[in-house]
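Sending over a structure as structure tokens; questions will come in a sec.
A, B, C, D, E and F label the chains in the order they appear, each numbered from 1.
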């Protein structure tokens, strides 16, 4: 039995959509739910879920694409490192096309930099083993799902005694921006579809403050179409009942406490710091940097390099999009100056980016 | 005026050939003259000079091709060095196809070694400047013409403060084997066409011992067709007159004393030693190795490397050919198992090699 | 993905007949062969509770399919 | 080759209209522009005595050409 | 950004490839303006109607489950001729070998080429071999060019799709790209998928029985089904709606795509064709395909919906509707 | 020695190339035994008599005095068709670009291709572009394949040389190889020589007036005049004697050859043809050549001397006689 396939059952999905339509039929104002996870963004577009929902339900995307929220300065440092002749940059594929201030990894690779796409940070560790005369840097970008895998790679490298494996870390944690967005008066989020895999690590309890402090309903939701629609249905029900609590739709994977081993490894390797979110700004305690005791693995500390002065891209509404304030279709550059093959903003780059998903699937 | 062209004047060449024919018409036994310089070998074949001479004059080739007399062990060391990942081998093109015990530079290059053909050892010095993280080794093979240029490259590298330029030296000097060959009872050389450019360095006096000790006429001869035939004519005359002296046909370039500056540089950078000649054996004082004070530039001393056990090529008559005892056409492998594109012996490799010249031009 | 073999911290997991290695480093030793796990970037990050999945599906099918919604 | 310019130890030499650099390191400073030199592996190794060449050729032409040999 | 650089994506068969082609290559080389590109050129010569095409093969790795660069190079060019409804006859072979490449591997590749040519009924009649220094190539690149003869009077062309037409494929999609990917060094994936590389000229000959009802034939190679349908929709100025549920996809392809985050609609095929057929003969087209050894899993996968702006959409498996774009950058580089 | 490795010399056009071709490539790919190779294949298709040829261009550097890889790729393939007495009509272009190559340089190359095609009167009708990762290619490789139509009934073939025939060349030899060489990085040689790259189909059209007296046409590209004549001598089973004094060689070519120890007989040409003509019409052939802009320096350079074993000899400038062999290894790699 493949569970995946059954959570894509057309009849179940149709039934859920019908139920949501029935439940919201009487509403005069639409309900606005935000997903804050790139995989949700993808699933919603890829399965055309918006076309199944009534106009009374609006789904908007928050700052859930790790590449999109990574600030320009990080990328510029990665580019500077890639230009060192003894450096191999390893990264998930999505980073390649992201424009920095004046270049991109794809461009540096074309000019001769050794940039390799891997599927796991452990592949990068293998590359470090096979290339002892090179310094191998993994671009550690992502939320609480990815951060433990990177921490794991550092622990592996340490165990193997490698001195040529490094991570350029720009990890972010999810709850903080959700708090900020909840407090934003310009935005009225009627509920969060909380991320599936991030929650597998941090647990459902992490969202309680959103209900308690901001009165926003939260449902930890899986990635399959039936999951997403059930998550929406649960949010609708809370809203109609005037409730604001954390529910776990994705209970087959997510617990209230999360994954304690992964949390321990995160705490071992990383320390929280005030991270800069592209388009949102610096949020206190919203990022993870490499802890002092693992400084030897920190590319930023271990490999000093001159980084070019920052240059932001003009006209890009990424910031507003990451906050859910505007939709990609509102951006005058969308599909014109800004396309996935030559992106202006980061939201157009990652396949999980709101603009990219809208471009690829949304028309 | 291009002097070269006039020394190729057909009428002069024809006249010389006629004169030689007239002079030797009465001889019952043919006269055998040996050239001991690859460039002479080439010129004789390339201009078809043998076809212009009467049967009374036999021209045979001695050990004048630098590549051909270089022993297998030298090549094996060069191959071992080429396999080091931080080494760039630089060499004159002729060395590429020479088979060592189990491989050749061409083969190592195909397997990934960095082997570059240069036209001057100074080009190799340039390569060392441009590749500071590599060790650049020049394969120093050749007689007294080439040795000073290699010495010059070492002095240049020293002046530039380079620590990554090396020479793998296997230089040989001409007079010693000529003495050995003169003393060989199996061979009866009626006269030597002494090398042109070697003599420009060492001077005509260097051959006096051949006349005095062995009674062999010597004529220092240029490379142009008219030069070669005039050299032959002068040898014939000495022979007919029963004389044995050194004459300089190539007086426009060669003096009795040679080039004192080049001789001084040779003495500065090199020390004589007992060199091994392929097919001839070790001859006392017949080689030049890098002097102790330049040991830092000596690839053999500065870059220790394990060299494979020596394996000689079976059936190759190179040794006999280098002594002038047999002609390439006497070798059963010639043109069959042994061709320039897959040479068995070194004589088939260099374009100056007796077998290669015979193969390319001789039929 | 379903775990089909385990060797220390490394497992082989399978989906749709496709096998790939996954590190078990981020999970306590609670995983055994036959378990379903969520794999992210080469690491198993969570177990999937089969029982729970079956219940969720049964519930969905009961509550939301046309027959049930009549 | 004929020396067409000299800069310290380096000269530019020409043959048949083709120019290449040649080091003068192996010759005493006796070389001047216009001289003919023998170039081997990027080094001028010897001067060519034009006068001598001309004489040799004249002699050859006189002694060995058909007219002279009648 | 430096807009002067050629990027890997320019070779992916997707949007960047099309831009390079339209803005630079065709603009410079072609004397007549072209609307879209067919798989081969149609030319007339001494009274004969010919199709002429070329493709270079740079697949990495050169050996992969079910095939190698050699049979790929024969089948690919045979197929480009077949997609014009031509009968492929003669091939040329241009080899670019990297110094140090193995003669034994070359021999194996040449054997595959000979066998593929034999089985497709084409003759390799001329060739060329170049060798580039170590590090200036990648073992072996192969160019094949092909000539075919056109013996019918139909207009089979990317611009011929009409509203109401049915879109057919002759079998499962994505197999070639996934087979090559799983063989790639450092990506230890055991998918069990083999390339679908095959010569389609035999199948095309049978489809010609559809006569005027056969509107478009195209092989969805680089860029996959999505990119190829976008090309056709643009060339024909129509819209196309795909039905996700009807797409034949092998389980292993699904699995690899889910693990690596790939979309099978963009994965290359080398033994597949998309046929766009008038609705009244679509059933017959499906039967012809299914009777053929290379069409056992054939399916109707979509429909041409109306004269419009080249939009392609897909009715998803859960009943939603989503847009389908061309491949943007490089999904999988060097699959052919 | 490791006999499994492809060496640079296998691509030099000389003896190693021939061995690889005969022992491996033709043995594997060709169904009928071949005695020697012509520049293009002759095929019949739907009643039309066609010539079909392919060549890949990997010259280094890609820009050199008088031309670049683009016009070279057009002229080279046009010439291979022309050497069969065909009228070149259609070309395909296969580009293999290295990641990071410059679009501006690509544009310049494409412009040259378009101009060369225009001036040769051929149309570029189909193409393909691949991109390989940085370090897996060398900026740009170009394959061109060509189709020509044969409108005469002559047998112009490497096997048609007959005793008594005269060997003509349409001008100076070695220019292309020396031009490329002097442009090579690290080899600072100022030779003043420019490539002779040119399309010879116009000249060939005029030579066709010689009718049955025109026995062989061949362009002495890789391997030079020596290698090409050895091929012809072997194919025709004749001997050929060249006359060194009559060889047209530019001064700069002579100079570079003397400095670097090269033999102009083995240096590549890209706008030269060797014509082997019955003795009674040789004078006329020379006149035709000399009247043509690409034949002003044409000369009779040798003679076919007798039915024999494929020997080529040269009467040297001083009256001696020497043998001429094929190029053995690599004299100058990557000149085309």
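Here is the rule we go by: a residue touches a chain if its C-beta (ideal position, glycine included) is under 8 Å from a C-beta of that chain, and two chains touch if they have at least 3 such contacts.
These figures come from a predicted structure and were not determined experimentally.
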item: Mutual neighbours - chains that touch chain B and chain E alike; value: F
item: Minimum number of chain-to-chain contact steps, chain A to chain C; value: 1
item: Co-neighbours of chain E and chain D - touch as defined; value: B, F
item: Most distant chain from chain A, judged by the mean position of its C-alpha atoms; value: D
item: Chain of greatest Cα-centre distance to chain B; value: C
item: Pair with more cross-chain C-beta pairs in contact, given D-F and B-D; value: B-D
item: Approximate Å spacing (C-alpha centroids) for the pair chain B, chain F; value: 35
item: Length of the line joining the C-alpha centres of chain A and chain F, rounded to whole Å; value: 59
item: Sites on chain A at which at least two other chains make contact; value: 4, 9, 14, 109-111, 119, 123
item: Shared interface positions of chain D, touching two or more other chains; value: 15-16
item: Residue list for chain E, restricted to those that touch at least two other chains; value: 5-9, 99-100, 133, 135, 258-259
item: All touching chain pairs, where touch follows the definition stated at the start; value: A-C, A-E, A-F, B-D, B-E, B-F, C-E, D-F, E-F
item: Chain A partner contacts - residues on chain F that touch it in the complex; value: 99-100, 133-135
item: List of chain F residues in touch with chain D within their complex; value: 188-192, 251-252, 254-256, 258-259
item: List of chain C residues in touch with chain A within their complex; value: 15-16, 23, 25-28, 36, 38, 40-43, 45-50, 52-53, 56-57, 60-61, 63-66, 68-69
item: Interfacial residue positions of chain A with respect to chain C in the complex; value: 2-4, 6-7, 9, 11-12, 14-16, 18-19, 92, 119-123, 145-146, 148-149, 152, 155-156, 197, 200-201, 226, 230, 251-254, 259-262, 265
item: Chain F-facing residues of chain B, complex; value: 4, 8-10, 13-14, 45-52, 96-97, 99, 102-104, 106-107, 109-111, 119, 123, 126-127, 225-226, 339-342, 351, 356, 359-363
